[in-house]
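In the part that follows, the structures are each spelled out as structure tokens.
In the two complexes below, chain A is the common chain; its partner is chain B in one and chain C in the other.
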Partner chain A sequence: MKRILSLTITILVLCTSHTLMAQDKMTAREIVDNSYETTKLAGAEATSTMTIMDSKGRERVRKIAMVTKLFDGGETEKKLVRFLAPADVKGTGLLTFDYEVEDDDMWLYMPALRKTRRIVSSEKAKSFMGSEFSYADMTPPNLDDFGYNILSEIEVNGTLCWEIEIIPNDEDIADENGFSKKISYIGKEDFVIRKAVYYDLDETLLKELTVHEFRLLDPENMKYRPVNMEMVNIQNDRKSFLVVNNIQFNPDVKDEYFTTRYLERE
Partner chain B sequence: MKFKTILIILILNVPLYGQSIFEDALSTDSEEGATDQNAYELNGYLRGALYGGKESNRDRAQVKSQYAEVALKLRIKKGNYGDGYTEIRYRNLRGYNSNITEVELREAYIKAYIGHFDFHVGQQIVVWGRADGFNPTDNICPKDMLVYSPNEDDRRLGNFLFRSFYNMHPLRWEFIWVPLYVPSVMPTANIIPMIPGMQNVYFGSSVDIITDRDFIGAIKLSIELPSFDGSVSYFNGFNPMPGLRTVFVDPSGSLMNVDPTAYRLHILGMDFSTVAWGNTGIRGEFAYRIPEEDPDSYTYIPYSDLQYTVGLDKGIGTVYSLIVQYIGRYVPDFTELTFPVFPADSTQIPVHEITLKNRMIARQQDRISHSISFRSAWSLMYETLDLELMGLYDFTTEELFVRPKISYDIADDLTVTAGADIYAGPDDTLFGSIDSVLSALFLELKASF
Partner chain C sequence: MKSIADFTVKFRWLIILSFIILTVIFALQLPKTKIDSDIKNQLPEDMPSRIVTDQIDELFGGTDMAMLMIETDDVLKSETLQRTKALSKKMKRIKGVNKVLSLFELKSIKGEDGAMIVNPAVKRIPTSAKQREKLRNEIKENDIVYGSVVSFDFTATAVIGLLDPDVDDIRIVAELQRIINETPGKEKITMGGMPFTRVNISKDIRGDMRRLMPLGLLIMLIFLFISFRQLRGVLLPFIVVVMSVIFALSLIPLLGWKIMVMTVVLPVMLLAIANDYGIHLIARYQEENFVGNDVTKEKLVKSVIRSLAKPIALTGLTTIAGMLCLLGHTMVPAWQLGVLAAMGIAYALSASLLFIPAVLAVIPKAKPILQGENQEGKVRFLERLLISMGSLVSRWPKQIIVISLIVTVLTALGAFRVEIDTNPSNYYSGGSPVVYANDLANEKFGGSTNISVVLKGDIKQPELMDKIHNLEKKLEELPEVGNTVSIARVVRQMSRALNDEDESGYDQIPQSRNAVAQYFELYSMSGDPDDFEKLVDFPYEHAQVTARIREVSTKQINRVVDYVSELTQDDENVQLVGGFATILRELAELVVRGQIISLISAVIIVGLLIALVFRSPTAGLVSAIPLAISMTILFGLMGFFGIELNVATALLSSIMIGVGIDYTIHFLWRYREEKRSGLRSPEAVKKTLTTTGRGIVFNALSVIIGFSALLVSNFLPVRFFGFLVVVSISSCLVGALVLIPALCIVFKPKFLEANNK
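And now, the complex of A and B:
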């Protein structure tokens, strides 16, 4: 019995050390790739509140409901976002087919227009709902568009993280994403991003993302989602808080959500 | 029997599962989610608007319209099964030399979702077409171009209709039946001609329907693919904007009666939208309109024509977007009108003038006409300040419409909007005729809830 226990412990130790050694040998790109993979849920539903605070402390609040699902073996994430508040945008819906390499397909339904419009998705640097978050911050990027370097290992809020420099490959990609450099802090054990720092196109510090809380939603596949994030604009003192009020892992999300038929249901 | 079984399966393909977080959030207007299947929500707005411009034929400023309005929008949700919606507006309006307090039931309809079918029944507004603002296939519901409002949607009018969809993604069938026709509102005071020698022109207050069928029917088949959306449609009904029918001309040539008269037509439509070159949207919309009656026999019936709109839209930088469209019209059977220099009787000149006005309303003043429209928009200060410049220029008739607009969100749900509607054109054109009535500066303050 003792021999079996000892053998088991030895195997576990070997496996763990092998994994850690394997992680230590990972390239910066592999780490970033793994980091995005950890957030890829087969399907999920959530409601969130975005609080935007200007430099004088005045608040604006936006509420959204969102449903996502992976298709094509995980290469396409379909997403339906419905705006719940404020009242003047209530009922607006955004349907996105987010591809790994190609440009996304997007449709917008606005109650005032009474119809769905296909929209162009090129400007990922655009502010998301008037917040400090950009569309680029909310969707996984095309990994081939960037170069990656491991700068160091550093502790962020008690978690040992890789400090990874992410630089767009050319000016067009920098323009499209709205930053010249990004430093991401990715947990060594779980590949979950804890913090990120962005530099604007003039290479001046622009904004800082802090992930206050994340949740393991799919333990079987080790998939996480951040549920409390703060983005601070260093240049103008504006802050945006994105809090996920309610989230559920649901791989059986109905396919019919991701149609313009559903998009138009206010 | 097999057909009946299939029909029952199709109709009874009702979702039987409970609601999800997502649906709960939509049903209850709460981000926390809930399970109440009979949720309702009440939204709306209060607004005050002022329109001012130049008084007709005088160099003097004038308040053209001022109104205070409250809108209540009630939605009753029945989970996966449907919902009911109504919007009621109550306004006090001073405009067109009158003071009106009125209640408008803008929409009141029920939606039911039964398997692959969606049914919408009641007073509702339907908008068709993938082009921006100038939609030749959009003929289901009437419009009132005399409404002073910064929001284009306020010019749309509802009508009672049955609308149903059969969804078999990526295809979608749509069927519309409008039991009773409601016409668009005409700017009559300005387009009734000043006919030489004619002392009185009496204009009918209601729209005549010269047919024993006054329903409207339409069918559309849409395809929605990731990279391409499009549809083909067929419309059989009345043109929303009636024509002008000469009912009576006094033999002395000093008096005439003109009635707005609806005419039936068939419209074959098509539209599409896609994205090309990675970041440029392309849209197109086409309609071939065929009136039932012979235009050579009735002055209020226009010729058959082909209308087409093709446009590009593009976001440039993070705050700017531009839509540019070419809008054209081809009238294959177009014939020039010749002025009766030596009229056989005194009625010929008035009838000629009315025919000219009908061509102006139907926008058939040439065999081929060309226009360009644009919508240039900036969203600044974290989407709290919106600037927009939209316009239309008709190269054929030299008509111009421009609307500069600026909106600022003072706080969430509190918006101030200022701008101008500017119509211009030669006197014998529609924009030239309505310029003195509709060209105005505007200011609106709106609080939503």
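And now, the complex of A and C:
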């Protein structure tokens, strides 16, 4: 009981400090920066379900288990994904090293071929596992690539949010990330993204991300993870849902998980 | 026919007024007319190949594409690649372009240092000759782009936009033109694809409508003036023509139809045919209005109508029947043309029998220009020609019959060489931008006419994947096929990236279902989810094998389609065989079937009509003879001149029967009249030729001259159509003026004899 109380106090203190800072004179860039900071979880284990739906409502469902851990003082996030279903891809593994600046490293293990292949791709606009989520949506971007503007403060599902416009600095960056403008709705209290709207290279509405639910996993450091989110492509009517069925904060995930050797162990 | 004559004269003002008011009402409909250049809409909706192709489109998205083809000596030069990249990027941003296929959008899948790398086919534009050659070798290895968006000889590259359904063609073409203008360079850029073809067709339909009609009218005015040398002789048939053209065209919006390529023939056709009835009336009017005939204008009009109403009505009916026989064609513009022409002629017929006499009964009697029957005077060229023709026929009737037979048999040989052609790219002659674009697409990018096979089943099963692979291979081996694509090809490309050359799985379909599934999973990690959209559907239940056919001749397309049908016939996985090639294949059958049905029904109906009116089956048979000969000559000439039977020329025969029979009817009618008045056969022939013969010649000449306006059409089939009408109507004319009289003299058919009254 005592522990819970102290935890609550810590949370309250942290929250207010954030809020105070915010109420001062935070720039749009600082808000976005903070928002990314809240997602940097030291380590976690989870199982999730990714549902991809085409315009006719047909579904592809993938169940995955995932462990993540931060390395290099938070600069690199390593991630191991293992497919649980459907049966034909069961055991397939994906190991990702997300670097802050460099292109990511990825390896895929295919059990049917007993083979690991590195995947090289520099395009962040590419779809993540065939879904409407792109790699750019799933991994922190290089903040220097964009310009930021606070448009207004607005309520999203009962939470007061900053409405922040994020614009790529040049056309190449826009191309690479697949949008000409993104508007993020970031909670004023917790810096957690509630919603984001993407505009394509012609500045027409492209996709809409809604975070239906998120969880505070590391209260000490105020780290959150979305556990239920939806991406709708307005232009082609496709939808993708990512639901985290089960997630455990664990800063002590074994380092050896994040090796190709482990990847090949089914 | 007395009643019609009395009626017209009595109610002349009412008749004139009603025709004017009606025509104005119809004219008000004209601005509502719309043009439809979509070739697909010409096809009957229940056509199996069209239905199947729509089903395939439903599964895999439409296949309509807009193309920019970039030509230069080496497309891998950096400035050309820069330009291509800019065009590709800009095209991607055009609204309505669903997906772009180009060197910068299509993928290269390759294996390097244990990694599978998925990148745009050209990721970095080479700056040195060394880099350029490296890229060249890479592209040669890349099945996905080599031969499809870059030509094998690297002299051309294409930027292809796959379009959303129902995109506005005019806007897409304008946008393409805009991005070309915005991206200047030395390379030659050619636009292609269906929207481009359709925009050109639309533009040329409009051009034809604007050009052919005034030209035809002008020729007609000159012709009428030369023939009759009297204002009423020029104006009255002319007004009837204009009224009937307005009426027929106004039916298009009224019936909810649209103008299609073949519709451009309609006004010209009416122009040529609709004045026939007026011409006969005027010719007879002038014939009876000789110097010294002092009857009143009313009496003169009544007499003309009395003697001509019946044959004119009969010739009108046979022409309408011939037009309606176009209903035997299932092609939308063909049967619509039949209905419109029939209605237009019906209107012209009633206007000729009511409006012209009504006007003649109102305006003062004309000055006589022909000499009276027994008076000496200057005989003009035409009359001289007809007189000598009369004596020729009466002297050597048997020889004429024999010569006709020989000529017919000789030309008949050509009929065996007639070929069928249904490809819309042949709407144009060489040198036109549409043909240039088509040829370029055929030569450099593997063709533009596609055939698709859809297989159903668990696509990830290696057995089915192997089947897809084998089918694609067989298609690829056909000499007519320029380019094939399937999911199996991509799987094999992935297997090359995932395995080393000495490994067992290299360049192979993996042998377990899980392995195939994991290949796709791997790809989804690095490629776009819609990269395979055209190859396999979302649930992996249907896969499509597409072959592009390089040749444009229907014969070669048919060969490919037949081969594919045979190949896939007994395969339980093959669900659909479709694509534009199968439509063209079926269209060829429809053209032939429509040709046969319309031809036979026209002969039968016209024969029956004549038999009925002359109350003799022999009459039907006799009049069928010049028709049969003209028909043989028509097909013979098509064979000799290499003119194909296509969607336009297939309409000819029944139109020709309906029009060409008129001359025979007029001849027989007058001939019988003269026989009844007591003349012997040779004299009756001479009399008929020099009197009604004049009207017949004017009539046929007006048709020939009218149709000759089609020779300047933008569309090749329409030009051929015009040429063939001119030739076949001439043969009908000669048949009616030479062969029929000869037959009458030799065989003396009973129905024409005096005692048969």
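In the analysis below, the second predicted complex is superposed on the first by the 241 of 266 C-alpha atoms of A that agree within 3 Å, B and C clash if a C-alpha of one lies under 4 Å from a C-alpha of the other, contacts with A are read in each partner's own complex, and residues count from 1 in each chain.
In this text, a contact is a pair of C-beta atoms (placed from the backbone, for glycine too) under 8 Å apart; a residue touches a chain by one contact, two chains touch by 3 or more.
Fair warning: this is a prediction, and the values are worked out from it, not measured in the lab.
Peer 1: Give one word, clash or fit, describing how chain B and chain C relate on chain A after superposing.
Peer 2: clash
Peer 1: I'd like to know which partner A:170 touches here: chain B for first, chain C for second, both or neither.
Peer 2: A:170: touches no partner chain.
Peer 1: Quick one: is A:108 in contact with chain B, with chain C, with both, or with neither? Answer first, second, both or neither.
Peer 2: Touch partner of A:108: chain C, not chain B.
Peer 1: So in the superposed three-chain picture, is A:178 touching just chain B, just chain C, both, or none of them (first/second/both/neither)?
Peer 2: Touch status of A:178: first partner only.
Peer 1: Looking at the overlay, what does A:60 touch: chain B (first), chain C (second), both, or neither?
Peer 2: In the superposition, A:60 touches chain B and chain C alike.
Peer 1: Just checking: does A:130 make contact with chain B only, chain C only, both, or neither of them? Give me first, second, both or neither.
Peer 2: After superposition on chain A, A:130 lies in contact with both partners, chain B and chain C.
Peer 1: Quick check on the superposed pair: does A:83 touch chain B, chain C, both, or neither? Answer first, second, both or neither.
Peer 2: So A:83 only meets chain C here.
Peer 1: Is it chain B or chain C that touches the larger share of residues in chain A?
Peer 2: Result: the larger residue contact count on chain A belongs to B.
Peer 1: Of the partners chain B and chain C, which touch A:119 in the superposed model: first, second, both, neither?
Peer 2: Both partners, chain B and chain C.
Peer 1: For A:220, decide between first (touching chain B), second (touching chain C), both and neither.
Peer 2: Neither partner.
Peer 1: Applying the stated clash rule to the superposed structures, which of 187-195, 241-249, 313-321 or 331-339 from chain B runs into chain C?
Peer 2: 313-321
Peer 1: Take the contacts of chain A with chain B and those with chain C, and give the residues found in both.
Peer 2: Shared contact residues on chain A: 52, 58, 60, 86-88, 112-113, 115, 117-122, 126-127, 129-131, 238.
Peer 1: Under the touch definition given earlier, write down the residues of chain A that touch chain B in their complex.
Peer 2: By the definition above, chain A touches chain B via 45-49, 52, 58, 60-61, 63, 65-67, 80, 82, 84-88, 90, 97, 103, 105, 107, 112-115, 117-123, 125-127, 129-131, 178, 238, 245-248, 250, 253-254, 256-257, 259-261, 265-266.
Peer 1: Please give the residue numbers of chain C that touch chain A in the complex, ascending.
Peer 2: 89, 92-93, 95, 111-119, 460, 498, 505, 510, 512-519, 521-522, 524-530, 538-539
Peer 1: Could you please specify the touching residues of chain B with respect to chain A in the complex?
Peer 2: 15, 20-22, 25-26, 29, 31-33, 43, 45, 75, 85, 113, 118, 125-130, 151, 153, 156, 165, 167, 169, 172, 224, 226-227, 229, 273-275, 278-281, 313-315, 317-319, 382-384, 411-413, 415, 446, 448-449
Peer 1: Which positions of chain A touch chain C when the two form their complex?
Peer 2: Touching chain C: residues 52, 54, 56, 58, 60, 83, 86-89, 92, 94, 106, 108, 110-113, 115-122, 126-127, 129-131, 175, 201-202, 236, 238 of chain A.
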